[in-house]
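Sending over a structure as structure tokens; questions will come in a sec.
Letters A, B and C mark the chains in the order given here, with residues in each chain numbered from 1 onward.
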Amino acid sequence: MTLYQLDHIVHRYDKRPALSPALSIDRWSVAEGAITGLCGPNGSGKSTLLKLLGFIERPSQGDIYLQGRKADMGMRGVRDHVSLLPQESYLLKRNVYKNVAYGLRLRKDRSDEARRVHQALDLVGLAPDRFAPRLWYALSGGEARRVALAARLVLKPKVLLLDEPTTSVDAASAQQMKAAALQAHRQWGSSLVISSHDVQWLQDICHDIVYMFNGRILGQGQRTLLFGPWQRLEGNRVGRRLAGDQIFVAGNPPDEIDNAVAAIDPADLSLHSSDQNIRDGKMALKGLLTRLALENATGRIRLAVAVGHTEFAACIAADTLAAENYRPGKEIWIAYRPEDVTWY
Amino acid sequence: MDFILQGLRQAFLLLFSGNAETYSAVAATLTVSSYAMAVSLAVGIPSGFALGHLRFAGRRQVRLVVDTLMSLPTVFIGLIVYAFVSRQGPLGHMGLLFTLQGIAIGLTILALPVVISLSAAAVESTDASLRTTLLSLGAGNRQLMFGTLWEARHAILAGSLAAYGRVMTEVGIAMIVGGNIKWHTRTITTAIALETNKGQFAMGIALGLVLLLIAFIVNGSVSFLRKR
Amino acid sequence: MKTLFSSMKRHFLWILILAWLCGPALAAEPQQLLMATTTSTDNTGLLDYLAPHFTKATGIDIRWTATGTGKALALGQNCDVDVLLVHAPAAEKKYVEAGYGQNRREIMYNDFVFIGPTADPAGVKGKSVAEALEAIKAKKAAFISRGDNSGTHKMEIELWQLAKLPQPEKESWYVSTGQGMLTSINIAAEKSGYILTDRGTYIKYAHDKGGQPPMVVLVEGDDVLRNQYSVIEVSPKNCANAKADLARKFSDWMAGAEAQKLIGDFKLLGQPLFIPNAK
């Protein structure tokens, strides 16, 4: 069952057509009952996308379909089951209890209110007796963010959208929030869409991770992004020095190379213990294996290989890892075809 | 100079002896200002919200007009209202001239721009995150408005008190539209004007002090509400 | 707070608010008479004294607004009042001729007097009106005028004309206040200047100053200083809704024996302020 369907969405904050839009998505869908992750640098459009999915803003162009029906922010009750936790955890000028109960009161759904509010506070790890009477200004950043989350959890929304829930929060609060979000998914079947810089966490829990850059969705896999400045090389190629004598060579560059961003899919990267067997026109880069992680959804292992300051994302099967004895700190080669580089 | 001290004494006498003329003027003042405040707040606060919150073409121009209207001289408003409610005017058949109702209409026109402008300013100064938060918790448009107004309540209250001050103390409208008719449309302010004109300065001071007392009580109750 | 604005209650409140506005239109007030009069009649307290007697005799509730004669006449012309009590004979006669008023009836009179500081800098005491005005002009003594188109003001303009002197409006010693009689007297007292006033208001002024006013009567007695008050009914031909019958009752009562006696008995400091002279 499709939860969301986006159709030719373009969103601008500035009306001037010369500037590129904040968001530009041709087609995209989100599955129901899943945990979807949004990843990308600041300004890539994650917050904008979440605001559109939460029906807080109306896209400049295009349509959004919720469970098969066209939905718009002006429609009555469109936000009844969709709740966004914004990045800035703003609390209303009242005590914690009333902040959490606010959504229930809006819906005139106050039966058993106290128990439900306390339950939500427990879920985010805030002891109700101590925290319920506290006023909005008497909380730390992490506590405030947790209260904001509790205010949304108490509604048991069908869709929970989290905009960088763990950014700028203390470790304990982050921990609680991650657990609470998962709980929502497991207990009530809420669909989650989470944007975060904590790629690790997303890889742990998401069924699907989407990578965004410059307002566009790059794809479902984690791409490595490389920025300029680029030098023109022969044969319609450009290159960029990464470290020492390591030059990243890319083919099919766009005409405008100054601000061009190159991306390489992990699927197009192969890993080697030495540069001996690399052929087929592939370029090789020597790097250091820095991290290993399990990709929950597929069972494969994700690797981070540092070449100079650039971190490449690669992926291999678990058995290969064991066979080749890859471990963090080991020197490793990555190989790729320059023509497989995509440009943005 | 000594008429000020005399006035102080006379103020006590008027109030505690239950002076009928004074209480009639007090009742008149309270009636017209309550009416004017009720309507201007009921209409002005949501209008101020719309002006401060919504983005529409010509918004800046509307704001400019409203701000300018805050400086309307009261006699001017009085004359305009007179033109409408006089027998020759379009609303003549409603018999509003020389009545408290007529004064109340004029006072509403006086208070509205103040309430609208200051409410708009209050709403504009609310955090941008407030809108996102209210919407994300499921607020519809009406709830968004009330939620925002509640969050901005202190500034809106200040604007309302400013409007109240203007309404309680004005003379021009009450004079021209009310006619200063004893027992019927004589308010405290027109009574002060009359006594001053007659040279009865002490009486003028006394009535002024009565007005101040009322204003004090109102502001006192408001500040009590604020604490909660 | 949200429940306060639930639909039904909100509409109810608005209905109440608008209903109050329609009160005056809907209220049947057949026995209410609206009068425009001048500040001199109101300030002296004569109307406060007469009104209860009138209501007792006729059952009519009379309300009045006190302004300058000019505005009172305008209110009658605009059909905002039902009857006038003013003192500007020349203007009144033109008014009736023009069809705005009817049944002009002389009710009472007093006289105008010139008052000034006890020191009398221009030495006008005992002189005739024309001589006094000439002396004031020659000495450039401060002269205070109502300047508001009132009956008193019109009389003052006439006196300058009769003395064959140009209207001194632009002179430096001439002060045009644009305000009521008592206020203008107070201003004259402050400036130690001369002013024309009706005797009734002067007696009230002297009474309020405890019988020892700083301004005294200096010129009086000329025939030309007579100040005639009349009642004029607003013409029903010009104003269909004017309460002509009630206005007639008021006019009749004011000219009647009871009112005339009451007027004669109205005294301050032992002096009558108005002399009844209805025919």
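The definition used in the following text is that a contact is a pair of C-beta atoms (placed from the backbone, for glycine too) under 8 Å apart; a residue touches a chain by one contact, two chains touch by 3 or more.
Only a predicted model underlies this, so the values are computations on that prediction, with no experimental measurement involved.
Trainee: Drawing the touching chains as a network, do you get a line, a ring, a star, a complete graph or other?
Mentor: Topology of the interface graph: linear, an open chain of contacts.
Trainee: What is the identifier of the chain with the smallest separation between its Cα mean and the overall Cα mean?
Mentor: Of the chains present, the most centrally placed is B.
Trainee: Rounded to the nearest whole Å, what is the centre-to-centre distance of chain A and chain B, using the mean of the C-alpha atoms as each centre?
Mentor: 54
Trainee: Between chain B and chain C, what's the gap in Å when you average each chain's C-alpha atoms?
Mentor: The mean C-alpha positions of chain B and chain C differ by 32 Å.
Trainee: So the centre of each chain is just the mean of its C-alpha atoms; given that, what is the distance between chain A and chain C in Å?
Mentor: Computed from C-alpha means, the inter-chain centre distance equals 84 Å.
Trainee: Quick check on the complex: what are the chain B residues that touch chain C?
Mentor: It comes out as residues 35, 38-39, 42, 86-88, 92-99, 101-102, 104-105, 146, 150, 179-182, 184, 196-200.
Trainee: Considering the complex alone, what residue numbers of chain A touch chain B?
Mentor: That would be residues 51, 54-56, 73, 76-77, 79-80, 83-86, 88, 90-93, 102-103, 106-107, 148, 151-152, 155 of chain A.
Trainee: Which residues, counting only chain C, touch chain B once they are in their complex?
Mentor: Within the complex, chain C contacts chain B at residues 1-2, 5, 13-14, 17, 20-25, 34, 39, 43, 48, 63-66, 78-80, 179-180, 182-183, 185-186, 205, 208, 239, 241.
Trainee: Per the contact definition, I'd like the list of chain B residues that touch chain A in the complex.
Mentor: Within the complex, chain B contacts chain A at residues 127, 129-133, 135-140, 143, 147, 151.
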